[in-house]
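Can you read through this structure? Questions will come right after.
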């Protein structure tokens, strides 16, 4: 069951990802991306990260992708003709590179799993505190104690992003 | 329990697809979406390791990545909007005034 | 007292400095006074020095005068010091004496010229340098004089610098001399390497005290290198070519430098180095042969020259060859003897010809003279005296010195009958061409142009010109009596010079009788007389003969007339190829093409690299992303490959 | 647990200043927004004072999220200095472009906060966030002249490629996390030290992180974005990119490599070696034929990143010292050069072609003398900061016996001299063919240039003071 | 070894402060500026003469030593170490001596005079600095800094192709000297990071406290050598020289030929020989070969030049070839000759460039074909030209001979073949110089423009007369200059002999 779910989600996410790349209309890519994010959220859930899975759906699939769709609607990219490509040689370069990258990454992953028993763990802030369910509370505790500084930094980050978006998009008087 | 390797392989595939997508697509929005795909692959990796290591730090990291992704989306889309407004295109290859 | 006689060089130094620096503001009179008194005073001092020297016992007649240390570097010490010994005294007397007379002569001769001060400054400088050359007590200081006289010769030949020919000749003289000088300085290097010093005394003592076989090779090389220097300075084959051209200079200069003094420096140097040369028989042989060949060739060329000074120039070369034959057979004092007599009569000949040239308003072509004896009595008489002297007429000075050389060439251990035969032949030729010169100049028809305005009839110059002629004529007759041949009396010159040759390796002389000597002398006289009469026949009695001969042997005549094409040979073998290679290959190809080409090529290469690299930067974000991805793949591929 | 606020007091002050500026903007008329620059300056000075208070304190702060050590303090001081200069340049720039907008300063201050965090970070998460704060602010700043197509293109390229490389960086961090179980510098280092062999996954993480940082530092082959972005961005932003952003990435990279991965030295040294050579060569050689001074300086800054890698690859105290010194020198000379370019460039940067500098030598002695000093310093001529910096870096590399690298660096810098010289040649030896519009040098920029020149010369002639500081700073 | 004698620092400061004064002086008339500059250089010259007076010739150590830490952080110990010995003493004097003359020769410069003088004085600082610094880093700093003013002097005040020449000069020398920087640093770490001190390192090397592997020594030597070889310049690194000389303004050429080229040979003598004696000896045949090629090649190419300045420039290639030959003949005579020749060449070639500049001021040409018969209108000029021409071709009694003689004698002792080949250079030098002289000064005037040329002015006379006096002094009483060198050069020879006893030829007196 677990495996079926996993393979289902994995296949969905990879297929959706491929659709993102190869769809001929932007809107399809966006929709496929939402599907992909959903599938990944499922994988998160399987990996005992229920809170993250929820955030994934809400923030990513929800907020961010809506923003994307909004922009797509606004700009109407379908009207533009992308048929003449000045960089025809790019795919020829990318395919072997991508293949090599994928090969190495997967190979490394397998190599890693062989020695995975040998724990390198130096223990983060919460070594051994991961429960099967309901880790939201400890997550929150972590976030507001040990990870207080990063959390505060994100406020600056968002502030500057907002400020930036505002400056960039306002129409000059 | 499904071994971590499986998840990592899925993440790797997603990452590679994302990377390839950035390069293969000319539409700025699609490129950006592919970048989001890369970030998600990273997130999946983090979560997998987090479970493997049996600790929460990875999940925290993912939260921050998501925040960053959101912030980037705000700025990135704003930039895309003004590019389209000024250059009247979403084709990244049109943005080649400066070269050599 | 003798230690103070370095002031011999002080006067010409002062004279040269005063005239050289301030002369432009002086009147001709002042310039002439300064210059003449400088050389006159130094002559006077030289006479005093000579006087003091002969007061000394014979074995003490070598006084070293140390002024200061010139160059010192570790154990290399070159002193600025002089050696007063018989040899240098004889030379200094000739130099200052003849020099003074020529100064006097020049006062009038150059009266019209604008660069008067320049001329006299150079002339004084020459006396200075020549004195340094002969007075030096080491080879390096001798080299100073050696190059110095070359410089003065250059300056004086180029005195009429507005004439293209004068400039060319001056340059040629200097450069050819430089070639010789390089030989000389290499010889000096080798001397230092072999002996660790430059001083004559130490070198000679050392070579005399070491066993005969010890330093043969280096002595041979040293002497040969020094002789290369001598061929340059004394105009011997293969470096004689500058001397005929040097006649572009003012005639008094030709008399002083290119006849009486500077060109004999080579002889002096070899005589000075006699202790070395006497231990290098191979070199001596080379010298004798070179001298003989030079003497013959130059005499041949002199036969057909049209320019009065060119005839004298070739004659000088020929006579110098004679002297080299003398030193080449080991008869060093005979060489010096001929040097002295030659100084008088050749200077006289040149001055006389100068007087002729002056009278004819700078006409030098023999065939445009003739019949001048009416106009120039003193010149005529004195020049005939000199001609007889050089031609070897009995009891004139040249007779004794020439005769001694011929005898030595025949009789000395290094001598050879062939050398004697050659010498006699040259004597005959000499008599011929000198008589030819005299006949063409003073006898026969007047072939010069005379017109009222530009060319007034020739006129004997003033006493200032004729007095030196007379004095020189006097010595041309009498100078020979210092060195009488054995069958007539004592050779006082040889005796006097003996201390200077004390380190010379004396080989036992072969026994020869006086009769033999007298016999040979008679033969020589006969040959000379034949030369004289042949000239008389050709140029006084029947002017057609030379033309017929020239016609009949037109090719030979042309070769001789063109001086055996030696200048052309040098031009086409050395000068032009070097210039062409320098211009065409070294500069244009190697320098500009290859080296600068490489330099600029690097720049161009960098530029094209730059353009190549810039193509990476083609403005497409996707291409940039590919680069980033490529880099990432390379990095992880590297890690992957190295750790698995 | 003590949060140890003092360690981050400068950042807090900067952030607050940024926020205050943001908040007061609506209440300040457009014409007077230029005065916000003074507010920003005040904030920077205050932050600097706070930094001084904290000087030489050591320890960890905020739950071991940031270091409090001389290294961080040195870098923060440098960043604050650069920020102050850029504020002054920007003030002038914005008024010249009639775009006196206070947001610019806020973003700049935020970016500086990001940089400071990168320098002080003790946890990859802080490094990452600092980097993102810096990046996002800079993306916006690069596109600040939104009406200008070049600015747009610059921003979009920077953004796309920046986000792309962030993906690699994050992936790398994920692997490192997976391999060691922590994102904390010290913990990771500890874990690597205790394990007997380095798992491949760790190397993978290291490699991917290098990609991310290589991008920010503009190391070949990840430098490709730099020339375009530098050229298109508004000039103060270019200066910020070339100085601040690059320096922050270099120090962060230095801290990570030296503090987190010292054990893996042989592994990353090779990469740095190759990358340094490529960077120096590409930067210098491509700069040879540039016609746009801004773009030329962009290539030049790429080349300088290559020199900096010498110090890093050396992996020694001297090397790190050299990096810090060189960064200081580089800040002085590059900012100075950009300031002059800004003045000569005038409105809308119309005059940044190399011909525009032709013959200005004797018309504007102040500008040309100072620009010559900066360029000579960039070329590494003695008596300037650039020489000393290079000297230390080369010395470090030689000390670590990387002779080949030094040799190639020497060749590269020899090639590089030409293009710096070309500008000087034109200034002094070319004919003036600009228009007769008189260049005006505002007082503020005059001050900036003067400080930069004095700094360049001081660092070049009397390096002792800063070298002492740098040498203290290398003890992590 | 601490020294606190301030003299050399003061000597550096005089022109340094002078340059500041020039830069800050109010925009007054050109003459005032020139006067001030002249005064400063004269003061510097006077001060340097004081040094000669206090110099103790019998010592072989550095004198007037000032040694203080420049920066000393971590394991970098760089010193501000100044000092002179017999080798550098006269090079400093040469510099300070030529500077006032160069300023005087610049009287005709009209444009941008302030910066011109500023660069001149800066150049003087750099040049003096090179000769007196004993710390390798300090030396390197001066070595390169000095390029900048020279570069500007050529590039701004030069002739038509000045930019090409200036850039070529700068890049050529800079590129070559960067390698030296690498070698300096490497040497430092071979020295266990103790110091960059030339004196100390030499001592350690000779005492065996510090050892260089043969390979390292060879590479370091090469790095130093190439830097110096370009500066000298040794064939085939010479092609920057003709361009730089032709385009440089008169004073620039004078300084370039007079002092800058000497830095190369000074470097060889001061650094290459004592630091890397084995490598020096090992490569000596090659280097002597290059020197010989340079001598003959420079002379041959000089012969066919059509431009007087270029001719003199190529003649420098030839003359400096002698110096290099002397240095790499490794005996007292050749080394003293080389050092003497450095001074002598600085004097005579400097003077020749001054002379060429004087005619250029009048006629704005230095092509041989534009002249002819100048001796008619400019007799004094022709006379001075002749004197320096003679000194340049090594006429005994003038300065050129002594150096050339000692070099060749030394070379002859070391390897007779070299000296024989080099001697041909002497012949060639006479050829090209005299041929040029003939075409420029002798013959008839065939250019109308030359008829009205005036002879030397008082100012020009003032420039030339001291040079003539010095030329005679050096030629007739060289001991003034040779004696103080003895001890220092003997030290270099001893250093070579210590490691390569067979190489050094010791002269023995083999008299009776």
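In order of appearance the chains are A, B, C, D and E, and numbering begins at 1 in each one.
Rule of thumb we're sticking to: a residue touches a chain if its C-beta (ideal position, glycine included) is under 8 Å from a C-beta of that chain, and two chains touch if they have at least 3 such contacts.
Predicted, not measured: the structure shown is a model, and the values here were computed from it.
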Contacts common to chain A and chain C (chain labels): B, D
Chain pair whose interface holds the most contacting C-beta pairs: A-B
Identifier of the chain whose CA centre is least distant from the whole-structure CA centre: E
Centroid-based (C-alpha) most distant chain relative to chain B: C
Chain at maximum distance from chain E, centres defined as averaged CA atoms: A
Mean-CA-position distance for chain E and chain B (Å): 65
Distance between chain centroids, defined by C-alpha means - chain B, chain D (Å): 26
Centre-of-Cα separation between chain C and chain B, whole angstrom: 96
Distance from the mean Cα position of chain E to that of chain C, given in whole angstrom: 37
Sequence positions of chain D contacting 2 or more other chains: 125, 129, 132, 136, 139-140, 143, 146-147, 155-157, 160, 164, 178, 181-183, 200, 204, 227-228, 415, 418
For chain B, residues contacting two or more additional chains: 15, 18-19, 22-24, 26, 31-32, 48, 52-53, 55, 57, 60, 64, 68, 71-72, 75, 78-80, 82, 92-93, 95-99
Per-residue overlap in chain C, given as positions that touch at least 2 other chains: 614, 617, 619-623, 625-626, 629-630, 632, 636, 640, 644
Chain-chain contacts as defined at top: A-B, A-C, A-D, B-C, B-D, C-D, C-E, D-E
Touching residues on chain D, where the partner in the complex is chain C: 156-157, 160-161, 164-165, 168, 198, 200, 203-204, 206-208, 210-211, 214-215, 221-222, 224-225, 227-228, 267, 270-271, 282, 285-289, 415, 418
Chain C contact footprint on chain A (complex, rising order): 86-87, 90, 93-94, 97-98, 100-101, 104-105, 107-108, 111
Chain D to chain E touching residues, read off their complex: 317-318, 321, 361-362, 376, 381-383, 387, 391-392, 394-395, 398-399, 403, 406-407, 410, 413-415, 417-418, 421-422, 425, 428-429, 462-464, 467-468, 470-471
Sites on chain D touched by chain B in the complex: 125, 128-129, 132, 136, 139-140, 143, 146-150, 152-157, 159-160, 163-164, 166-167, 170-171, 173-175, 177-178, 181-183, 227-228, 231-232, 295
Chain A partner contacts - residues on chain B that touch it in the complex: 1-10, 12-21, 23-27, 29-30, 32-34, 36-37, 40, 43-44, 47-48, 50-57, 59-60, 62-64, 66-75, 77-82, 84, 89-91, 93
